[in-house]
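Next up: the structures, one after another.
Heads up, the next two complexes both have subunit A, just with different partners, subunit B and then subunit C.
Entry: the complex of A and B
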């Protein structure tokens, strides 16, 4: 079955993508403007389910790479998306038949939709993360043993860098170095594969999931019932099987930027039912670690999202400010990440945190036990 | 010695004025209709409040004007200047040209004179592309005689302002119109900063016209006061500053009304329901201050990077037009023509005020109960109650009943009790809370600077302290009394430098008005 993404769908997908971005992945606002503009110019985008993808397809994940603060300031050139698709075609000898988000979280949910519109090809309803992650090898293709293949980076000046890194770690190193020279942001294609591999690796349904999340946060639950502002976060948790970890106010914030990463931590004081408790969030572009009164509450690769307490709107790590009143929710990650290879790739040790990954559901159950 | 303060709030329907004494107690408050030429309404309100208070004009040391004039100009797309937009960033940024995402009528109102030129910087300070001065001059040529002001917006200008400054010089010499530079208006985030800069440019003549009338009105009455304008965070700015940054007056109305309501009622945690002639604005008072909106704020349908009080605006006010046998309320209003066009005042339009008079919820001295069919009045009254109850419910921090402070000239249309409200407070002078809030205003100083730091905690602290000292000094220069200045916010903004050695620090200090 083929669905269409119209200009009117973009804002809800973008909002849901911001939640799945867990504070990183960039604010989808700029990407949403690009997608809406290109849909207006070229018509709605066809969306394929992962099952619709055939062996003959050549599925090209396209997205932005770089610091979110660059992507909201030095917006891409109009020519970059087509230039990237043309470069991968020249580099592989195969014409892309569909694009796909490499990460559904944040702005990279929007770039493939924009690319699909301008190239006149469909977008696949799925992605290779089910969230956002900061490094190029943190994708389901890597978990399944596939390398990045021919990799393309293009920038606003028209520079094209085509490389064939030997593995995901090298892809990440090379891409970082090139991106810094390109001014901290670029358009990237990697893990471009035939339909069979895309079907094997994609986490299915994540664009429609983003749209559903966006719908709930805009005040309409899955059954079409209107939601009051203060009902939305709980409705979202119910829908996603997520856990509302903490309601609090930001008391201290440390943030530093290096090598394209925004690293830091936020300390929160509890409000409402959580008054008297303290909470700490550690982030490296994305929210990665949550501790309540010193005890682990959620650990990457499970998703940790920061929502405005009053409105439920998601906040990026860049937008979190002193005094902000927020709700922290945790969403269990896709099973592909809960494997030894998944945890080795995107678990706490990889990010330099000396903690043991434990499923968020289990941490929540243990927390409830202690509270009793 | 500090003298008296006069506070004036110009709304879409009414112009309110108050005089406060040295202890900030209200001596008198008046309400006059806003006039099509707002200056007349302001002068009229000043005369009335002087008469009501009996205060000697020579004893008034500070005059504060809060106005929704600029907000309304944007929302109604009326009286905006034509703006030339010069974005320096090509070949980057072409995927989202200026005015993208703006409502069509607003982009038409500012004239769609858009030029995306070579220029801009990279995040690390490298030149993105070199400025093409001939292209700037050619753009000026194409806009000659067609624009009232120019907005200059350079990619990463918060990192390096030099190109914006150079372009501003060229524009000034080529066209001789005022220039708004984005680095002076906002921080990182090109589109939000650009939107705010374009609006600022569009509002320059709008505010100048109003300010000229205000200054003349003060002078003609022998009031020796320093004029100030209210801005969106509840602080004041001196006249010259306001003329350069008119966009900062946007949102001061709700802020003033919330702060005024807190001052008049003594409450610190409540909802503030401000019923004007055309709209009802509901804000949230938390620990004495307005709850800030946490996300990007839209003004007239476009996104900016201002922080604003979190306000829900619904189309219900004293002048709201009632139709369809009472079943339809507004959203249009007779506005400032209520006293001519309202049924009770001898006009031919049925308004929300007529309904309140008819059901006996309100009385106005010398005005008879208007002749309205009983069923119509009851239907409309139920509608007003339901709309207010629903709006209050949407803003409540939780399901528990909350106190509501009722302010604004249209407050007479509110029922005595509302569902979900623990207590309905109507403070003295409730009709002029906006003007009281304007007169209370503090003075702020804000700086945004980029520091090189060595990455240690001590280095960060030193940078924060330096920025804080600078903000305090600016607040003092803006007119704050030294002993009262406090640093209210220090933020480190992520500025992604490739060597990781630089941070952008924004510090803000606020103090009371000096004598």
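Entry: the complex of A and C
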């Protein structure tokens, strides 16, 4: 990828971001349509590496907040993106010089690209999660001790809410309440900081990573070799150091939109080599907990992605259907999430899961031993 | 009352505002303690008549939002008042030159006096309701076609939310959601406008009116004559052109804090001349609907106040108790509420009551005829 994001790059970034989104982050297809339309109208978007960011920059993470189930039905307007950027400028007195994904996952990888196109400013090749997470304080800025700062919420009615919450948890509470009132989805800016803080906190290279993942799932590995359909998932796992946890068919699905989240669980029966085993996935916007025959297989903050078994295409928690044949893969999360503060912020206990956090690599090694 | 509000004026204003508050507007006792403490610390508060307000003024209505049941347990801090004034200045770029009650009712008559003391600016002798109402768009500004403008919510945690809602109804929705999240009560500024708009919209003289009512209920009529305890309620009705609807004893009471409101109903059995009759009051923060033996006796936007039968002291919806012996009085509302837009905004249909709005004077005249 060059330092310019063109319309032709969008589908692969969106596809990769849907994997990193672990089912959340908003609908990547809707996001990609918006990004492509705005690049068509305003021209390609310049991409800065995290190292390119200077102390003088004002780096504004922008994204959608709300239940993914709502983002599908809610096409973000250009005016909403501009309104958000104008509101953060009014609220802080600083003009944004670059936007960044708050999370690389799903549609939220696309919204900053769309905003960059509209505003004529670059997008930073990085994000504040290295994946997607359901709550606003689950960002590397929070882990580094930075507060949410001045935060912005705008909706398609034209409402604008600018908050100064005392900390990340309050930001999440207030933003979630406003988002629900706004109809379940809104455009949000938070953790807008000068370049030095952005460089310290951003997980670098995640848009580029998303594009590489998208390329593999479209049948081309990192070396440019063509991949057969049935090679893609394994090629992806090799590239990412990911673990293929389970191949199965969705037997049961509970899902509800509740309090600004899409929550639920899916139960699967094994197919192929996994025939005879059962698997369960719990989600809150994102896939958070995976259990194989009752034993822990992977848990947040490690990434759990659901891919179509035949095509390798990632599925959002909203798109998972009864009868779908899927592969479940797990990707080790960024090391920032494996610290005590990372695990306290986004580990299983935060979500009310009574399991001890264990790195997915370790769980996989133990699983292999048991199978022997 | 001079143009200065001193500590000695506070109790009478609070008492009168509790009558005009028709049960809502926040706890007047708690509000009066805050106002007295801050006047003691910062000195008396200068009071402007609505006519004194100049075009150069920036008149900021400030008050509490939330369920009255919460306001009792939530003592507003000086820092919260200052934070609200600072937030509106940052959000609009204009420094407040005067504060005003958004509603004269209950504790919300006291908060602007407290804020004026802290900020060293005058308070306007007027308000935007001429009473208290439960929802943020129920103000004379809204009736005149003005939007809420830049609105501020701050809480005792230090959170600050500055919104630009597209209209009054959205302001109410967003503010209520944030208030619930903030713990059910917050300090709010909305409808902050320049002096010309404030002069057009304010209902003049309502702080002075509250003081006069308070004086009567403390046993001194407008002419300075001493009143016996049992003369006070009738003297008040004479002064206000109010109607004494019913004397009774609370037989049944349903009340709950729900969605940022205190909602419920009280049923009463008649005493004295009203023995043998039954009465029902419905409330949502404020008393909204009064029925005598099933027939409409008074309905919002006319004012319905509950007074202790022995002492004349007004009761908030939160303070009404099983077994309490009370007089129910009705006061004709300001003419701005009797327009089509006034009735659409705060009439019975808005609250879901299937009754036709009828002026309380007319209901009383009809009731008298039936009684004959």
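Keep in mind that, in the parts below, the second predicted complex is superposed on the first by the 370 of 372 C-alpha atoms of A that agree within 3 Å, B and C clash if a C-alpha of one lies under 4 Å from a C-alpha of the other, contacts with A are read in each partner's own complex, and residues count from 1 in each chain.
Just so we're on the same page, contacts are C-beta pairs under 8 Å (C-beta built on N, C-alpha and C of every residue); 3 or more make two chains touch, one makes a residue touch a chain.
For clarity, every value in this text was computed on a predicted model and none was experimentally measured.
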item: Contacts of A:173 with subunit B and subunit C, given as first, second, both or neither; value: second
item: Contacts of A:55 with subunit B and subunit C, given as first, second, both or neither; value: neither
item: First (subunit B), second (subunit C), both or neither touched by A:162; value: second
item: Subunit B versus subunit C as contact partner of A:324, first or second or both or neither; value: first
item: First (subunit B), second (subunit C), both or neither touched by A:308; value: first
item: Touched partner set for A:344, first subunit B, second subunit C, both or neither; value: neither
item: Which of subunit B and subunit C A:30 touches, first, second, both or neither; value: first
item: Partner contacting more residues of subunit A (subunit B vs subunit C); value: B
item: Which superposed partner A:230 touches (first subunit B, second subunit C, both, neither); value: first
item: Touched partner set for A:255, first subunit B, second subunit C, both or neither; value: first
item: Doubly contacted subunit A residues - partners subunit C and subunit B; value: 157-158, 180
item: Residue numbers on subunit B that touch subunit A, as the complex places them; value: 89, 91-96, 100-101, 120, 122-124, 126, 128, 155-156, 188-191, 291, 294-296, 303, 310, 393-399, 455, 489, 491-492, 494-498, 500, 503
item: In the complex with subunit A, residue positions of subunit C that touch it; value: 91, 157-166, 170, 173-174, 176-178, 180-182
item: Parts of subunit A lying in touch with subunit B, wherever the complex brings them together; value: 29-30, 33-34, 36-37, 67, 69-70, 72-81, 114, 156-158, 180, 183-184, 228-230, 253-260, 262, 272, 308, 310-311, 313, 315, 318-319, 321-322, 324-325
